[in-house]
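Each of the next two complexes has chain A plus one more chain, namely chain B in the first and chain C in the second.
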Partner chain A sequence: MIAEFANSWTAHDTWIITTGALAAVACSLLGCFLVLRKQSMMGDAISHAVLPGLAIAFIVTESRGSVVMFIGAAVVGVLTAVFTETVHRIGKVEQNASMGVVFTTLFALGLLLIENAAHHVDLDPGCVLYGALELVKLNSVSVLGMDIPQAALNCGAVTLLNALFVFVCFKELRIATFDPDLATTLGINAMALHYGLMTLVAVTVVACFEAVGSIMVIAMLVVPAATAQLWTKQLGTMLAVAVSLGCGCAVLGHLGAILLPRLVNQPATNTQGMMAVMSGVFLAVAVLLAPQQGIVSRIVRRITLSQRIAAEDILGMLYRLESPVTQGTIVTLPDMSSILRASGGVGSTGFRLALRKLTRDGKIVRAGAGCGLTDAGRAAAADIIRSHRLWEVYLSHHLGVPLHELHFAAEQLEHVTTPAMQQELANSATDSEARDPHGREIPKGR
Partner chain B sequence: MNGAEVANSATRKGSEHPDAPLAIHDLTVAYHRRPVLWDVDLVLPKGKLIGIVGPNGAGKSTLIKAVLDLTPRASGRVQFYGKSYREQRHRVGYVPQRESVDWDFPVTVQDVVTMGRYRQIGWFRRVSKAHRQAAYTALERVGMADFADRQISQLSGGQQQRVFLARALAQEAEIYFMDEPFAGVDASTEKAIVTILQGLRASGSTVLVVHHDLQTVPQYFDHVVMLNMRVVAHGPTEEVFTEENLVKTYGGRLTLFDEAVRAVTQHRAKK
Partner chain C sequence: MWDFLSQILQSLQLHHYNTRVVVSGVTVFGATAGVIGAFMLLRKRSLTGDALSHATLPGVCLAFMLSVQLGGTGKSLPVLLSGAMISGLSGLGVMLFLRHWTRLREDSILGIVLSVFFGLGVVLQGMAVNMKQGQAAGLSSFIYGRTASMLAADAWLIVVGALVASLICALLFKELTLLCFDQDFAGAQGWPVLFLDSLLMFLVAVVTVIGLQAVGLVLVVAMLITPAAAARFWTDRLAWMVWGSALIGAASGLVGALASAMVPRLPAGAVIVLIASAMFAISLVFGAKRGLIVRLLQRRHLHTSTSSQHILRALFELREHGDEAVPLESLVQKRSWTPRAVRHALARAVRAGYVRQAGDLWCLTEAGGVQAHRVVRNHRLWEIYLVSHADVATSRVDREADRIEHVLGEVMVARLEKKLGNELDGQRMPPSPHVINGHHP
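For the complex of A and B:
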């Protein structure tokens, strides 16, 4: 299948990927700022609202020349941002609602115009949704002796424009997005930057959606940026990651559109759709694996914590079972396991894993069918028991917790007690409290 | 028209208070035709810590925003050191309310504090080492140098406030506006902030602080502006922070009023 695939690869495929990647980069650069401003749906709004712009441009000039259409769409795109802001301010409507009102109204107006005034304009709804990336080669121009598709040139131009804007105004965009009020007091006009950004979004949306369709444009404005935000702690890295993800979506999207359907003996599917789907896959992976908030890292943290608690419980139990005279007592594993289980401790798998870790760390030694504390293990155990019994003293004397409830509460608290907290607890206990409320000795601190 | 009158009208056209860090005349601000601030007249002295107090909705934050051209003014004139805000921008520092920004923003503590230098750096220029160093020094002053490379989402409320303060210090201004710098901070941060404010005063800066805790007003501020849509009273704390003025400012809001009276009584008892 690989050989067959490699043979069927043409310059056409390369152009499809190049055009898709350029569109993805142009969108994801601006998308970062939209996502951070919590205006990620602005791309959606603008890409719908440009419809009356296209219609009016056609009615006025009677031509479907791309330059005229482009200007009409870009102007209405910017107006969308202006109207949204105006409705939000004057109508006291929430920003998102205001955006919704403006773009649906404009979109409906566009439909009416096309239906009644410009019915002979052949705007194909399918083309608007999916774009015409497969047909990218049909409309080519010759540049420096090379045959370059018009769509690639358009997407390349906005990519360059956006990259330049972000590079030159990086610091200004950052402060105007993070803290527009401070930016304004420092003489950086946050409002001007806002409209600059919106103009570029409008231009980008119009330039890209002829090639890749509105679904992919909207996806690329939101998803790579949202994914990148999960992984990064600096704006510069966020932009770089978003751009790389956008390119990744374009490449994997096209490969996926060709290869995935073959697995089930179907013809190749729509490339732009697959590119947008890929961005969703990236987001899902990021949600699973993100370093801080990711689902996997949360699960790992929880397992690590429960392992530590199990190990501490084992140490504490061994410590309680041996007395100064019988130091080095060997307790059999089944006994240990049943004692732990009786006190609401870990299950058998957790128990075995914790035992293995303690042995590896030199805290316990295995002897025959059982195990006992090493010196290092005894010191660690004494520390845990010290926290436990100090907590019992504190809970009993300061909070008046009844005697029979002390153990359970202290059992929870001992695992989260830092050395500083332990010291604090020791300071609050008087000298006469060298024993816990049950009369057992509190081990000395290290 | 004699000479004196000419001179008089000349000063009126220019400024009556060329030395005052801030002079406000007849300032009125309205939201949706409802006035929030009404006929505010205020001339602030130089080199003082000045508290603005008043009930919720009294227009404290609006006053700051209107003065800094962040909120449109219905009428009124504002002058900094005798000139317009545009001309004196470089002498003015601003600490917005902590909740006004998104603390999950992908930016490090160092980057946020460096923002205080953006006016000095200028449009489109890259941040030089000297400016980064100035920001780091500001972080050291608020005891946050160890956090320079952290993302801001990892900070506690008190630490966030210190970072905002460091950003204002990096601005190297002469008059500072701080919107509730003590809101939601722990006791040690509050103490640290007060020390920094006193340091600013010692170096001749004027600091205007929106403040909520009436108990600490006499302890922290030399001057106090008591605001409730209008300026009820302003002047040295000793003179104007009285029971009578508090009643006028807080009106029927009983719980706050009780608190205020307690504050005044305690203050009097200490003296």
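For the complex of A and C:
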């Protein structure tokens, strides 16, 4: 199957991926700023709203000359941003709602115009929405002796333009994005920057969607940037990640469009749709696996924490059992487990895991039905009990927490007490407080 | 010509069975979308409908393909709509999941759900077209609507969906109101906020699915936003806004469907949306509560009353220093205003009987004197309050007091007098705490 696939690969496929990747890079560069500025839906709005621009340009010139159509669409695209802002400002309509009103009105107007004036020509709204990436090679020009598709050239041009904009205005964009007030005080014209960005979005949307379809443009404006946002907190890194993801979507999208339908014995399907789907797959991976934000790493962190707390609770319990009063009492493991569970600790599985880890670390030894502390374990346990009882002293003396509530509060705090914090607590306690408010001895520090 | 008129008349009387079905279906849909949209607007979730409507496409395509595989034609509306419903709800699930589990913002989440689901839909559509029996024409009409081909069964589907949605809204009106205005309070009061929120979004999905047939996938979102946004200009009360929004939605549907039935080559979905947009534009300008004209008038009224108070105060202060009648120039010098503005304000004051003109000189009438006394007293009370209680420098206090004196009510003045009892020392008119035009107090 792979050999068959490799044989069927042509220069045409390479051009599809190249064009798609260029469009994806152009979009994801701007997308980072849209996502950070909470304007992710602008791409969607503009790509729908340009329809009347295309229609009017066509009606006026009576041709599908791409330059006029391009200008018409780009102008309407910028107008979408302007109208949205105007309705928002003068009508005091919420921003999202004003965007919704504006772009649907323009889209409806476009449908009407096409139906009435341009119905006899091939100006299919579907073509705008889906693009024709598969036909990319049909319209190519010769540059330096190479046959390069027009669409690839267009996408390459906007990619360059956007990269230049981001490179030149990086500092201003960053400040205006994260702290608009600071930007204004620094003399950066936030308004000009906003409309500059919107103009580029409009130009990018229009230039790309002829090649790759608006659905892929909308996806590339939002999804790679949002995915990158989950991986990093650095703007520079975010841009780099988003751009790489965009390229990844283009490659995997085309491969997926060819290969996946074969699984159900179907011919290749729509490439740009698959590119959007691939961006969703990347996002899903990031949601699960991102280092800080990912669900898996958050769950692992939570389990690790609860394991540590369980182990500390076991040590503390064993230490308390060694006190003169209870010495010699054997508490069986099931009893320990149920006591811990009753006090809001871990379940029986967590208990067993924590017990195994403590045994492996040489902190406890199993003895008959119960278990006992080793020397290392006793030292660790003393440290925890010291934190616990110092907290009780502190809470009782400085915050006036009543006696019967002390234990539960200290039980929480003992697990998050660093050595430095413990020292501070010890310093704040006077010599006469060598015992906790319940009268139990506070173990000496190491 | 006569033919045309009678044709219009026929349409208006709903003679054609088909027209009747389409018009009633679309009208009911418009009203329902208006109701749900009003809540979504106040929740600041207007664009959720946009994402959900796009998210229905993969379900429509899958339902089509499955039904073709099982030997059907793939064009049965209930099948397609169930598919739409299921995938719309999965889109909703993904939205809630991302909102809860990631730090992505609302707008990004909408963009993600919209584009990825629609992309999946496009992929599936590409495969559906390739199927043997794949006259997938029925599919693409879903995106743009095919109002004219609506059947009675479809209209009934809309009516049932609309009834369910409106009933839920009516029953939970109080809870939804609370959700819209103070979510945290609702949570603190023990209302299931997440459930209510999901329910509202579920209703959006219902409206979206029944609207696919009426106006098409892209324009459904317009009916969820525009009528509600238009109604917002007319009232500050939620109940009225919901009714208004329903009315505007229904009217757009009615007029749009009729127009499209009468005039050839007028796609119903587009016309309906454009009519809703026109109503939005009208409301934006003429709306009774937040319309442009009303707000301009309010601002103008404030401006007029402010400037007439200024002129009275200027005349009063000049009189305090012995100038009973003053020329225009000395009034102009009192504030940073143009001679033209002064002349306008003087003309208004003369009309109100507060000011008298004697040759080139102007002076207060008796009524004007009383009025000016009140104005100046308010101003000075506030100045003294600022100096003694708010530690504002005496050199700046004039300007600070200028901002607030025009909106001081009688109750406020009485409270000021009470509070400043000591400083006033029983005087009817306290002296100004600062220099007035070179005259020291």
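To be clear about the criterion, the second predicted complex is superposed on the first by the 342 of 446 C-alpha atoms of A that agree within 3 Å, B and C clash if a C-alpha of one lies under 4 Å from a C-alpha of the other, contacts with A are read in each partner's own complex, and residues count from 1 in each chain.
What we mean here is this: a residue touches a chain if its C-beta (ideal position, glycine included) is under 8 Å from a C-beta of that chain, and two chains touch if they have at least 3 such contacts.
Since the structure is predicted, the reported quantities are computational estimates derived from the model, not experimental observations.
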* **Joint occupancy of chain A by chain B and chain C, clash or fit** => clash
* Asked: Which of the two partners, first being chain B and second being chain C, lies in contact with A:A219: first, second, both, or neither?
  -> second
* Examine A:V287 and indicate which partner it touches, taking first as chain B and second as chain C; both and neither are also allowed. => second
* To do: Specify the partner with more touching residues on chain A, choosing between chain B and chain C.
  => C
* Examine A:D179 and indicate which partner it touches, taking first as chain B and second as chain C; both and neither are also allowed. => first
* Asked: With the two structures laid over each other on chain A, which partner does A:I188 touch: chain B (first), chain C (second), both, or neither?
  -> first
* Is A:I295 contacted by the first partner chain B, the second partner chain C, both or neither? -> second
* Asked: Does chain B (first) or chain C (second) touch A:Q229, or do both, or does neither?
  -> both
* To do: Based on the superposed arrangement, let me know which partner A:M99 touches: chain B (first), chain C (second), both, or neither?
  => second
* To do: Give the stretch of chain C that clashes with chain B in the superposition, choosing among 6-14, 78-86, 258-266 or 384-392.
  => 384-392
* Could you list which residues of chain A make contact with chain B in one structure and with chain C in the other? => 38, 92, 229
* Asked: Across the complex, what residues on chain B touch chain A?
  -> 32, 65, 68-70, 89, 92, 94, 96, 100-102, 105-108, 111-112, 115, 118-119, 121, 123-127, 151, 153, 167, 171
* Can you list the chain C residues touching chain A in their complex? -> 41, 44-47, 50, 98, 101-105, 107-108, 110-112, 114-116, 118-127, 130-131, 140, 143-144, 218-219, 221-222, 224-226, 228-229, 232-233, 265-267, 269-271, 273-274, 277, 280, 284, 290, 292
* Asked: Mind pulling up the chain A residues that touch chain B in the complex?
  -> 36, 38, 92, 168-169, 171-172, 174-175, 177-179, 181-188, 229, 232-235, 237-238
* Asked: What residues on chain A touch chain C, complex-wise?
  -> 35, 38-41, 43-44, 48, 87, 90-94, 96-101, 104-105, 107-109, 111-112, 115-116, 119, 125-126, 129-130, 213, 215-216, 218-219, 221-223, 225-226, 229-230, 257, 261, 264, 266-267, 269-270, 272-277, 279-280, 283, 287, 293, 295
